[in-house]
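Presented sequentially are two complexes of subunit A, the first with subunit B as partner and the second with subunit C.
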Partner chain A sequence: MDQLTWTGSAGTVLLPVIQIAVLALALALVAKLIFVLAGLDGPGLPGPDGAATSRAPGAFASLGIRISFFAALAAALLILAAGAVMPTPVEAGILGSMAVRFWPVWLALAATFILSIRFRRRLGLYGKLFDSNVGMIGFAIVMFWVFTAIFADAIITQDPLAQLSGLKNKVPGIAAPESPFGWYLLGGDHLARDVFSRMVMGAREVLKIAPAATLFAFMVGITLGLPAGYFGGRLDTFISFLANLVLAFPVILLFYLLVTPEIRVTGIPIVLAAILFVFPIVFLCVLWNSRYYTDPMKRNLYVGITLVIGLWAYSGLAFNMDPLGVWSMEPNMLNVFVSVVFVNSPGVFRIVRGLVMDIKARDYVAAGQTRGEGSWYIMLWEILPNARGPLIVDFCLRIGYTTILLGTLGFFGLGVSPDSPDWGSTIDDGRKLLNLFPHPALAPALALMSLVLGLNLLADGLREESLKD
Partner chain B sequence: MTASDIASETWDPSKPILEIEHLSISFFTRLREIPAVMDFSCTVMPGEAMGLVGESGCGKSTVALAVMRELGKTGRIVAGSMKFKGRDLATMSDEELRHIRGSEIAMIYQEPMASLNPAMKVGAQLAEVPMLHSGMSKDDAWKLARQIVADVRLPDPDRIINAYPHQLSGGQHQRIVIAMALMAKPALLILDEPTTALDVTVEAGIVDLVKELGKKYGTSMLFISHNLGLIMDVCDRICVMYSGEAVETGNVTQVFDKMRHPYTQALFRSIPLPGADKNARPLISIPGNFPLPHERPKGCNFGPRCDYFQKGRCDEIDVPMSHVPGDDRHDSRCLRWQEVDWDAPLAKREVKQKAEIGKVVLKMDDLRKYYSVSTGAFGGGTSKVVKANETLSFEAREGETLAIVGESGCGKSTFAKVLMGLETATSGSIMLFDENVQSTPIQKRNTDTVSQVQMVFQNPFDTLNPSMTVGRQIIRALEIFHYGKSDADRQDRMLELLDLVKLPRAFADRMPRQLSGGQKQRVGIARAFAGGAKVVVADEPVSALDVSVQAAVTDLLMDIQRENRTTLLFISHDLSIVRYLADRVMVMYLGHVVEMGTTDEVFSPPYHPYTEALLSAVPIADTKVIRKRIVLEGDIPSAVNPPPGCPFQTRCRWKSQVPGGLCDREVPPVQMLEGGHQIKCHLSAEVLATMEPVIKIAAE
Partner chain C sequence: MGQFVLRRLGVMLLTALALTFVVFYLTNLQPNLEKLARTEGSVRMTEEAVQDWIEQNGHSGSVLLRYGQWLGVVPGWTYTDEKGQTRGRCMEIGQDPAAAPRYCGLLQGNWGFSTFFKKPVADSLGEKLAATGWLMLAVMLVMVPASLILGVLSGMREGSATDRALSTFSIASTATPEYVSGVVLVALFATAATGISPLLAEYGLIEPKKTLFLASATSAMDDITFWNFALPVLTIALYGIGYIARMTRASMTEVMTQQYIRTARLKGVPFRSVVMKHALRNALIAPFTVIMLQFPWLLNGVVIVESLFNYKGFGWTLVQAASNNDIPLLLACSVVAVIVVLLTQLISDIGYVFLNPRIRLA
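Here is the complex of A and B:
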């Protein structure tokens, strides 16, 4: 079997197109820069009758930038699309073949976007996201990785842990006759495993933990931040002091401490988990109780369901003592999870506290107080929903930070099993031979970068859209 | 020499200083073009003050911004011209505009706190203006700044110019902003609601100052306000705007006495003037709602709300301005103004029965509320006591409206909080239906007590939770008051409450942002009455609403009160509306009740000196009313550091009439005059008897 080229047979035509387009783009950018510096780029002020005045030369440069950029983008997309219709991986090339492997992701993305855009006027803030280009791009990137994580089993070309002889550190596109797919699309790593499959599986590892950890951090931060901001006084001073203490401690050092086996023996992570995992249950119980205490039937139902499921999960996750064995977390994972929640919650706490202090001065809060509402009802049902805008944005950004944090942890070899395909440890593995074989480290690094970038763009889009109207 | 210098030299002072002709302004959004101002014309002669009046959203501020050419990215002048000293502002380049802004046209904004740079000394900010525009040296500029600060009658100008903005009060801020506008001796001054954020007595001082400075410097003014009374005080000419169009323009007295547009007439009928009475002569609100800019009706914009509307005529063509002959530049945008009988008496309206006043439901006795404020960073330092309420005693009866009048910092909000149970009183007693509640916080009160005392809030945009539907919020109030047995019961009751406040039932599923200010306030009222409230504290419920909506909301409150025999505690600083609806009035100043009595007693002499000043400060939009001008010096003292003796002694003009400096030493006793009229003042009964009425209605 032949080695795969990057672009396959379509590339012979399209590669020169891309080259020309990129060259044109560079020229147009330089021209634009010169025009701007020369002052030939004044914004065409509309005359009093509303008609635009004649175009400045800078405007033509801008047009050039736009045309060449879209030409390059179109050619690149064509390569991917061409790969999809080519009969064999050899003709499709590496990029084309990868595009084919991701087919469930494309389908899911298309379905999501078509449905969302169709019904966007009825979907609130989520629907408004589709009015912003930045938000849509961010959402697309994030959902790409989410779907990749979901459909990872169908996408990978072989078992991410399997090692095939003779493929150690081989370049992308190398033929692998023993592999079920026949090629290593992104080459082999230092243990002769498939980089592509590991990257895809890594998405699952990362996305399994980052959003959940962020969600827990939010529960903790909100549960503490609401009363601190609402009541103020000594309680606020005390909790804020604790939060500052955690924030002031070097994060990496904290991680080292929490994840080292010696500390683990002392049981500190278990205690921390026991404390932190209580918060979501408390949060939900208070949420239901404050709202439905006037209707005990409903209240008992909701609180009961929460307690049953919550305590069941709690016993499994925190102490690994689930009688039915459904909920469990391996000790390594638990450590990482707890430490990520622990260092993230003070940040959330501070944001929530600030928002509450602002919102509690509103008249609708006073109206709640004057009709005798309990403090928790006012905090959870009057204040919290109106703080949701900044919190959603922060949530997206924070998943990004958490992802990087997990990558960092993996890079230091903390908290995950040595052969785990998560992106951080894969980058660490590839680091040692980076000068000779960059591809094993590059693939997960680009994946990590694109996910975080997507989350940031998504947060930007959400912020932009939530400010409108 | 720049182009602007040449132009101002060649300009003939007998010509108009600002001539706006057929100006149209639109804002361009992603969805559509939104016309904000259509076919607007007005002329301002040198030394003349032109008032622009209209409800929010009518485009008056847009006109002002257009004159400054600050319409932002989306706003654009689509037609017409604006000639300033004969040169068209609409086609001027940025460079020329920069020369004109601040030096020839100056603008004063609504929010004085936001108009000054908090990081710069006041003097430096003032001196910047002549240094920038006429290249004056720094020393000269500071000297000029000091002189102008003295001109705007700020005490101790040397201290003021070296102060930072946060060291000054709101009234002083606005004076500084005016001083800044005057630094370059502009030919035209644009004032956009310059006193809306200030208290009435402070407002009176500013208004006097603006008028006087206008005369002294010969500055022309474009004065924007929603307050007709203020316009009458300040301006020579008026232009009434409605939904982006000028509907009537002319001399102030002519427009006020001889209005020739139905909107102007409706506006005057909806504001409480002396003589209006809630039972015998109620206010007439304008039916319907203000049209959205992109949903304006065909033909006359005011047509759908107009009493004189004629189908097939008023909704056919765009109505042009037509001249009212015999008057000085008096125009009206009405097709039928010659046919309408403008002096026709109001149609007979049903005279409503005065609600009967029953037994005492609320009795406060010697109530005090003190706060302690610590100044140290770590809880140490000296702690001060703020006396928010001092010796508050009064009764309120069933079915009665008791108005509580006072300016910011007088303790009226603290009083409301104590009554509601959000705070507990320091001493004294509150008897609510024979139950002592002064030291019972709201958490410990039983549901009945809580549901019987409810509150209507001031800011309509803040009173409803923006992320809950209207119906849900009312149902929540019903739930918390244990109303009904099932969700269906409460749903029905919620719909009834919507009927009660005259809102369509479909509003139950709306979010608050889909409602207008007046509609939100109605929902707030419905929510307050959800538990069958017997005592309702209304904290300036209509002051943030437009005048035409104010009347409707006030009437609604009165109707519900009549039906439910509710006791209404109406907190307000607006004496016109208080005179209109209150049975009894309580005037507060710095935590003290300075005067209390029936509405007639309080509004006629003898007055407490503060009440006298307050009455004279409120502008009244009626040319037949003659008002004595009493302008109080200075600002309201801070409650943290109140003056010794009588709280009002620092600003009182009668102080010299009290022998022996008693005012400086002792808090005055409460004098009981006939009929239960109380005045807290050292003035002897003889002096009080010599007081003249502040407001006189001239014989017709």
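Here is the complex of A and C:
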């Protein structure tokens, strides 16, 4: 079997096209820069008879940028698409073969987008996202990785832990006769494992923890931030002091102290988990109680369900003592999870507190107080829904930040099992031989970057759209 | 103003005490001490021997008292063994117990003895901090002008193509943590296998087998050159540039919608001098705070980059101290880190008040 080239047979035609397009793009960018500096950019004033002046040279440069950019993009997409119709991986090339491996992701993405755009007027803020290009691109990137995590088992070309002899640090596209797929699409790493499969599986590792940890941090931040902002006074001073304390800690130092094998012996992670995991239950109970305390039947039902499920999960997650054995978390994972939640919560607390202090001066809050509503009802059902815009935006940004934090943990080899395919520790494994074999570190690095970039773009789109209200 | 600074200093001191106590507590947990005993004594010590070692070296007793000793407000520990020899925190080996000082902690200038470097913490830390200082200086010199220019350019005309292109760049740079950009930059510029170095070598611009930049900054410890320092500096700066640029952009767009800008434009002042004379000064107040608050983030970046590029500065020391369970060194590192963070917060608050005449503190 031959080694794969990057672009396969489609590349022989399309690579020159891309080269020309990129060259044109660079030239147009330089021209645009010169025009901007020379003041030839932007339309001139209309003439005395009101006729518009001819287009400035800068406008032509912009046109050039646009055309060459889209030409390059189209050629690149064609390479991917061509790979999908080629009969064998040799003709499809590495990029084409990867595009084929991701087929469940493309299908799911297409379905999501078609359905969402079709019904976007009925979907609230989520639907409005599809009015903004930036938001759509960000959403597409994020969903790409979410679907990759879901369908990872179908995408990988071989077991991410399997080591095949003779493929140590081999370049991308190397033939691997013993592998079920036949090639290592992105080469082999320092233990002769498939970089591509590890990258795909890494998405699952990252997306298993990051959103959940962020959600927990939000529960903690909201439950503490609402009363701190609403009541103010001593309570606010005290919680704010604690939050600033955690925020003043350099994150890496905190991780080095909190995520070590020794600390598990002392039980500090379990204590932290016991404190932090109680917040979601408290939050939901107060939420139901404040809304339905006039209707005891309903209240008892909702609070009861929350308590039963919440305490069941709580016993399993925090203490690993679930009687039915459904909820459990490895001590390793618990340690990482708790530390990440702990680091993130003060930031959320500060944002919520600021929002509440702003919103509590509004008329509808005063109206609620005059009606004699309870404080918690006002906080949870009047203030919180009105603070949702900035909170949703921050949630997206914070998932990205959590992903970066998890990567940092992996990068320093903290709290993850050595075999774990998560991106941070794969980068750490790859960096030792970085200047000889960059590909094992590069693949997870680019994956992590694209996910965080997607989340940032999504947050930007959401911010733009929520401001339009 | 004076009262404001005093109150802030008070809170700062309290925060510093609380934080160092947390670090002290976490580093002096029982399992850490046992690990220390085994590395300092012998690996094959029995459980009892370990407990004896901990007791004889002043690591037992209340954690508050030990913290006090480290701080220098509680007399240092002493231990007299069966042979009648007395050892203690404040004593050199063989020193007369009566002549030794009673207190020897942080307040007396005693930072302890590093078990990793095998020399006093103060000596080794000073040298490492100097190395990191150069790195920080270079990063600031690159980051601040670059991000301000980017932010002002994109905020000048909101919604223009320039704005969108530069904003995308800023978002991309904030989405790239140091360990990713470091890896990408090394792969692009510092390997003979990929990136542009083989291309340049092919054209004969650089010697074959050489790379454009070095992937290791160890040599920069003695002699900083563009060749070995560019990549670490760029890696740290990139992450910060995007964030500061976005803040600058936000502040610039806000200023550009103000009445006085419109007035100046309608008077016929050229756009360029409106930006330079009227907008810029007002737009740069907010970024100042952001730049100061970037220091704690830089600290993070420094730790990652120094490990990635093997530059033996403060961040590298922190990692070594933490992974080798060097308690005095780790404590000293955290004191430095906490002081840096709190000082920058204070400076940013005070600077904000000075720069913005609209804020008056009674």
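Please note the rule applied: the second predicted complex is superposed on the first by the 459 of 469 C-alpha atoms of A that agree within 3 Å, B and C clash if a C-alpha of one lies under 4 Å from a C-alpha of the other, contacts with A are read in each partner's own complex, and residues count from 1 in each chain.
As a convention for this text, contacts are C-beta pairs under 8 Å (C-beta built on N, C-alpha and C of every residue); 3 or more make two chains touch, one makes a residue touch a chain.
Keep in mind that what you see is a predicted model, and the values were worked out from it rather than measured.
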Contacts of A:Arg234 with subunit B and subunit C, given as first, second, both or neither: neither
Which of subunit B and subunit C A:Thr294 touches, first, second, both or neither: first
Subunit B versus subunit C as contact partner of A:Arg388, first or second or both or neither: first
Touching partner for A:Arg122 - first (subunit B), second (subunit C), both, neither: neither
Partner chain(s) touched by A:Asp363 [first = subunit B, second = subunit C, both, neither]: first
Which superposed partner A:Gly372 touches (first subunit B, second subunit C, both, neither): first
Residue contacts with subunit A in the superposition, subunit B compared against subunit C: C
Residues of subunit A contacting subunit B in one complex and subunit C in the other: none
Of all residues in subunit A, those that touch subunit C in their complex: 36, 62, 65, 241, 244-245, 248-253, 256-258, 262-263, 265-266, 268, 400, 404, 407-408, 411-412, 424, 427, 430-431, 434-439, 441-442, 445-446, 448-449, 452-453, 455-457, 460
In the complex, subunit B residues that touch subunit A: 76-78, 90-91, 420-422, 442-443, 445, 447, 450-451, 453-455, 457-459, 462-468, 477, 479-482, 513, 524, 527, 531
Residues of subunit C defined as touching subunit A within the complex: 11, 15, 18-19, 22-23, 26-27, 29-32, 35, 161-162, 171-172, 174-177, 179-180, 183-184, 186-187, 190-195, 211, 215, 296, 299-300, 303-304, 307-308, 318-319, 322-323, 330, 333-334, 337-338, 341-342, 345
In the complex with subunit B, residue positions of subunit A that touch it: 46-48, 50, 294-295, 362-364, 366-367, 369-374, 381-382, 385-386, 388, 469
